[in-house]
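Per-chain residue numbering starts at 1, and chain names A, B, C and D are given in the order in which the chains are listed.
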Amino acid sequence: MVSIHRLALDSPADRSGLARRYAMVRQRTEALAVALSPEDQGLQSMPDASPTKWHRAHTTWFFETFVLVPHLPGYRPFDPDYGYLFNSYYEAVGPRHPRPQRGMLSRPGVGDIARYRAHVDAAMERLSVAAAGPSWQAASALIELGLNHEEQHQELILMDIKHALSLNPLLPAYAPARPSPARAASALEFVEFPGGLREIGHGGAGFAFDNESPRHKVWLAPFRLASRLVTVGEYLAFIADDGYRRAELWLSDGWATVRQEGWTAPLYWRATGQGWTIFTLAGARPLDLAEPVCHVSYYEAEAFARWAGKRLPTEAEWEIAAVEAGVALDGNLMDRGIYHPQPAEPGAAGLAQMVGDVWEWTQSPYSPYPGYRPAAGAVGEYNGKFMVNQMVLRGGAAVTPPGHVRLSYRNFFPPAARWPFGGIRLAEDA
Amino acid sequence: MVSIHRLALDSPADRSGLARRYAMVRQRTEALAVALSPEDQGLQSMPDASPTKWHRAHTTWFFETFVLVPHLPGYRPFDPDYGYLFNSYYEAVGPRHPRPQRGMLSRPGVGDIARYRAHVDAAMERLSVAAAGPSWQAASALIELGLNHEEQHQELILMDIKHALSLNPLLPAYAPARPSPARAASALEFVEFPGGLREIGHGGAGFAFDNESPRHKVWLAPFRLASRLVTVGEYLAFIADDGYRRAELWLSDGWATVRQEGWTAPLYWRATGQGWTIFTLAGARPLDLAEPVCHVSYYEAEAFARWAGKRLPTEAEWEIAAVEAGVALDGNLMDRGIYHPQPAEPGAAGLAQMVGDVWEWTQSPYSPYPGYRPAAGAVGEYNGKFMVNQMVLRGGAAVTPPGHVRLSYRNFFPPAARWPFGGIRLAEDA
Amino acid sequence: MVSIHRLALDSPADRSGLARRYAMVRQRTEALAVALSPEDQGLQSMPDASPTKWHRAHTTWFFETFVLVPHLPGYRPFDPDYGYLFNSYYEAVGPRHPRPQRGMLSRPGVGDIARYRAHVDAAMERLSVAAAGPSWQAASALIELGLNHEEQHQELILMDIKHALSLNPLLPAYAPARPSPARAASALEFVEFPGGLREIGHGGAGFAFDNESPRHKVWLAPFRLASRLVTVGEYLAFIADDGYRRAELWLSDGWATVRQEGWTAPLYWRATGQGWTIFTLAGARPLDLAEPVCHVSYYEAEAFARWAGKRLPTEAEWEIAAVEAGVALDGNLMDRGIYHPQPAEPGAAGLAQMVGDVWEWTQSPYSPYPGYRPAAGAVGEYNGKFMVNQMVLRGGAAVTPPGHVRLSYRNFFPPAARWPFGGIRLAEDA
Amino acid sequence: MVSIHRLALDSPADRSGLARRYAMVRQRTEALAVALSPEDQGLQSMPDASPTKWHRAHTTWFFETFVLVPHLPGYRPFDPDYGYLFNSYYEAVGPRHPRPQRGMLSRPGVGDIARYRAHVDAAMERLSVAAAGPSWQAASALIELGLNHEEQHQELILMDIKHALSLNPLLPAYAPARPSPARAASALEFVEFPGGLREIGHGGAGFAFDNESPRHKVWLAPFRLASRLVTVGEYLAFIADDGYRRAELWLSDGWATVRQEGWTAPLYWRATGQGWTIFTLAGARPLDLAEPVCHVSYYEAEAFARWAGKRLPTEAEWEIAAVEAGVALDGNLMDRGIYHPQPAEPGAAGLAQMVGDVWEWTQSPYSPYPGYRPAAGAVGEYNGKFMVNQMVLRGGAAVTPPGHVRLSYRNFFPPAARWPFGGIRLAEDA
């Protein structure tokens, strides 16, 4: 957690500011769960996904375990069993309930979880008032980490419930549909960047995850980045050109996956007598040709790029381009309540849709930056131990909480994962 | 459904009698679910088990599909999707939701299911009042089948929720524990029967499943049947004598299962520092040496019998013995609310524990009786298509509804199944 | 091995007779392997099948382990490792090489195996000359068992190599094709038998496997048995009538298997542009409509019978019919060198094709006869431990050694097995 | 195949030189197979491995398909079926025999394969004499590729047969043991390199695989590389320190693999009553503490490095260090006939064991170099399509043909692979 130690937050203003941020983040989690019945909140549709209820408890367990137990004298854990039930993958903290069986936990119920959250929130309030300076300094860095952690789980709540609801033949909606502007896709252009010896990675004063550090030099050849995301209409052309049936377009592992899984389209698309429909968090509806294609794997993104005669960007190219183009940290994020990517605004110059809409697959494997070292202790398991067999995605999606993403932010998933909101931005050598 | 056609129920008395029985059976299902939260009712712990909520809906679907739609003019199904969601395995009725994904149905919720049940119950009431004679005659046989079907699912509700709750590290109880009499096991004796040319199978006027017919002749050599069930104490001696580690005691498939599954004791037993505990529907507690061993597979029952120098009875021996010994159709059944086998009453002569406590594995594969033919149509799928790879169990268990079991009743499960309440009664050649 | 103890063979004539039979059986095994290269003899195409070379060694190991080591003083095993390599499933004899890895044993090579066989044959010769009377009496029963065991493995050699060669895209022939008589199928008739209280099982003086005993009474209702086997032409009508696509024709487990395995025809049939071809031990050729259908599972046999409005016979019906019809113990067996079933001879009265051509699936699960007890010691593992999850087949096939089969002979396989030469004879209630 | 087009070989001297090299490489393949019986040559021990016989045929198919058919007028393929049987993974060439079933090909036999090789070799000789200039120019680049391809399969022959023989309980040796010098491990030192803006990748005139190009700039921070490989003795200390039981030392996927596979030591190690033994191509023997640890996965290499407080090098660091240290392209390679890594020579300065002994895992995922483009056509499938889910290894092993490896050579395997000769060299930040 190199980056955590850069935080210097010990002033009264920091305490109340962090307390307000704590209240806001915690409340947003609860708001996401409001639309879901107790039965919905218990669903686990695959080992990679977790029940809503479990996310609510696990994020609470994080504060209890890493902040309250070490830093609030006299704190009594809400329930001694919860440490076992709601540890996700922290080997250093001890044994834990097997991940694929999270959906079996009908008890504790949603009422118990609400009480657990209230218990921890009250204790956190006491801590923020009562902690002595040095203790607060240590705790506040962990609180900031816990809030970023909870924001990640907010996105997971939406990803996971979308997958679960999609398996219900009734195709229930999580949220009401919002009218989307009827737009044509803007023209696809390629914006050139000169490359050279540059720096990437987090270097500023605010919070960042350890995997964004250290900031370091990279050499980039000149390159061009697409002005917007690949659209559903463009992806349909790939399908129509037998994209899912031509081995030469695919990485070998990708082709094996296509055949084994029987993929013929992105996740959540369904061929009907009246054409393709797509399942969204607002229910099923016809495809919109202008909206960005979403819920594709790295394999599909990479094959599409090959078919298009282009390639995916590296994460360094993506970051340098975003910085040089002055990309702002807003866009179609979770706070808009759309929970689905939208067509690019027409007439925008430069790089559109860099932040929000979909996470953009890069061709960069998720590896440590030069000089990277994970933090000591259990929180050191946060990122480093996943640095193999995964690809980096950049930019945030329509289910990412506002304020969470950075231009240096490194998201990562295995190349076959389709339940993240992953999409495609093309690149090419200049 | 040969047996159904034997029913002749067209009199006013029959109508009100059947209606009362309908109300009683349907109400018992609801009573079983009362102790379970909406989250509990959605649990599916393995493909063989179903959520409580699903059982409640499926039994209702049975009446809707096989009774109301064909026999109540103008009946409108509660929800057209439910035919897909709640068909279990009736290929003739159409496609259905995949069995292993029943636990994914957070919608419809428990409230919807309650309304579904009320809707069908109200229609059934109208039918019982309004149906013309011939229509009633046809319907009443199906109603009787539907009630017996629902009774089977009542037992499944308890079997399935027991399995699901056992996977929760909190080991929650379904029902409060009832004080059990502290008894020593009675002496094990063998009661002799002379055999000869006898008849087995259902031959009377009341309801029976088609698999109990036709009544037919069998030749039996003289044999002896144990006076009571095998106890936990006796089974512990088998374990202590390396029963789970000696290949020569096991059928080949059984031994392969023991090694693959890592079995070292019956299902729901757990070795702790303080000895074995057992999980019951009233929670976890220490073993009672005098109570019958339960939740063993056929493989374990068969291996135990070989170790004991005995064998399991055939289903014909069991039935003839029960008839000749005058076994009554009551015992430790569901209505006692214990939901667990109990020690045999001391001092009883003859055959104890034949009805209730545990289903008794026989050495008889589940095959059609000579001359057996399933009914035409979808209800013909009820029994016949399962007549391979299963073994017959007799006698009913502590979770079987009273009035449901008969001396000719043939229950059946695959030889590796342990979540039924299966136990052991020994036999030997005379 | 109850039946073994009935043997009484201690006379000089017995010794030389048994020695001649030993030489003949052992030589036949070698003759079956002559057509196969060292590479062919090492093939293991699935866990259920074994390499030819392994069969040659394992049958030799049987004599070494059960006859020579206990009964020939001073005998030195050929190689101490072979006991581990060539034990099949005798738990009592000790650990053994894992069955699915038999194909990995490139060493010992075919030359080593030939030397192993010669070593054991020489020792067996010494035993037959030198053994004292009581020792010979014990040994001779085991020799007879060993010879019957080796005959079973001769059939397995042909079954297994057929399966292995069928996976080679070159479809190589094991043996040259023999011209088959061009015949139409004879008319299908049903021969009636009165039933009643009868006896089945082995009761004579000659050798029989323990599973054929004890001879015992059964009660049979009157029944009829088809005059010949079901033909390829009749089976094609089942296929053409969507037999593999209609769930209502199948046992539940059978239907699940059909869908999971993608079965659309018997094993070794292949749909080509010019119609169906069939792979035989003489290579691939077009189907012959008049020949018996072969390489069907129990599931397929049972579904075909249901489709035809008939049923499969029980094993008791089959045996009583064969005895009462005076069926002789010859037919299209291994010695004809055809290795494939042939059309029934036209104009034959009564029951044709009962012995030879194909093993006939019965509806009888493989269970112990009343009073059955396996022998003590390792040879007791021969039959009894397989008495679950299997169905009985009767009558022998075109790959069964002559003299091996009896009217009381009980072959058995799991209901999904298709690599045995299994076929169909219909029955019905009289 | 960018690099191929750099070749310019059209002179009589080139022709005879390439012909001599062709003869030498082809002959070496045959020499590797001489020690193996026909049965050995048919073994396939896992889907990733292939039979020796198949390697001999596939390398021949490569010349037939990519050189003779397009470039030798009138060439007739040896057998039209071989194109199907011996295509490895070239989707563009057409369908092919399923990889996991290569071990089922008892036919064609080793004699057929020898004739196939002779047929193609004779045609290649005709081509080298008769081809016109432009045709030869095109062909010669493919011949060079084919020879490098065959050298790779020579290494695979040894890797694969080692795995297959290791599964035989007899633990047969492939080759006689060569006396190894009894040495202590030399001291482990770290050699520093300054980093900066450097170039890696193939840039010279000779042959290189396309994945080594284009040569390109990289920025390196200062670093240090270990002076020799990690030894068995050092690895034993990792095991003794509970290396295989401490989750915190492992990548998450690595830890999951350790638990699922039950790893407790490198592949081919076996714990015996007398300590560890190791299986080598010369049979089983005790461990030598001074020799390099071999047959570890990336996961194990990475965990060892973490335990040691170091890290693995990147491939750029490895290449720059090798170039700057003036590493020569010889070492313990296949031609020494040892087929196993050996202790470093004592007293050597600088970087020892960089070439030969073991392939050295780097922390670099196998990704395309900037500007990389695979060749058009089927040979373009050679490298690019594997660029995901694999890690780069550098330096060659004791089973790599001499002359095959380069300092820019990029070998690659999935992180769980243990049957390659993979070992460990440590690095650290300067």
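Methods note: contacts are C-beta pairs under 8 Å (C-beta built on N, C-alpha and C of every residue); 3 or more make two chains touch, one makes a residue touch a chain.
Just so it is clear, the model here is predicted, and its values are computed rather than measured.
Peer 1: To reach chain D from chain B by way of touching chains, what is the minimum number of steps?
Peer 2: Step count on the best path from chain B to chain D: 2.
Peer 1: What chains touch chain B and also chain C?
Peer 2: Intersection of chain B and chain C contact lists gives nothing.
Peer 1: Taking each chain's centre as the mean of its CA atoms, how far is chain A from chain C in angstrom?
Peer 2: 60
Peer 1: Could you grab the centroid distance between chain C and chain D? Build each centroid from C-alpha atoms only and quote it in angstrom.
Peer 2: 47
Peer 1: Between chain A and chain D, what's the gap in Å when you average each chain's C-alpha atoms?
Peer 2: 38
Peer 1: Name the residues of chain A that each touch 2 or more other chains.
Peer 2: In chain A, no residue touches two or more other chains.
Peer 1: Chain pairs in touch?
Peer 2: A-B, A-D, B-C, C-D
Peer 1: Quick one: which bits of chain D touch chain C in the complex? Just the residue numbers, please.
Peer 2: Residue positions touching the partner: 37-43, 45, 53, 81, 84-85, 97, 101, 103-110, 164-165, 167-170, 172.
Peer 1: Can you check the complex and tell me which residues of chain C touch chain B?
Peer 2: On the chain C side, the touching residues are 89, 91-92, 197, 216-219, 221, 247-248, 250-255, 298-299, 302, 363-365, 367-368, 370-371, 381, 385-389, 391, 415, 429.
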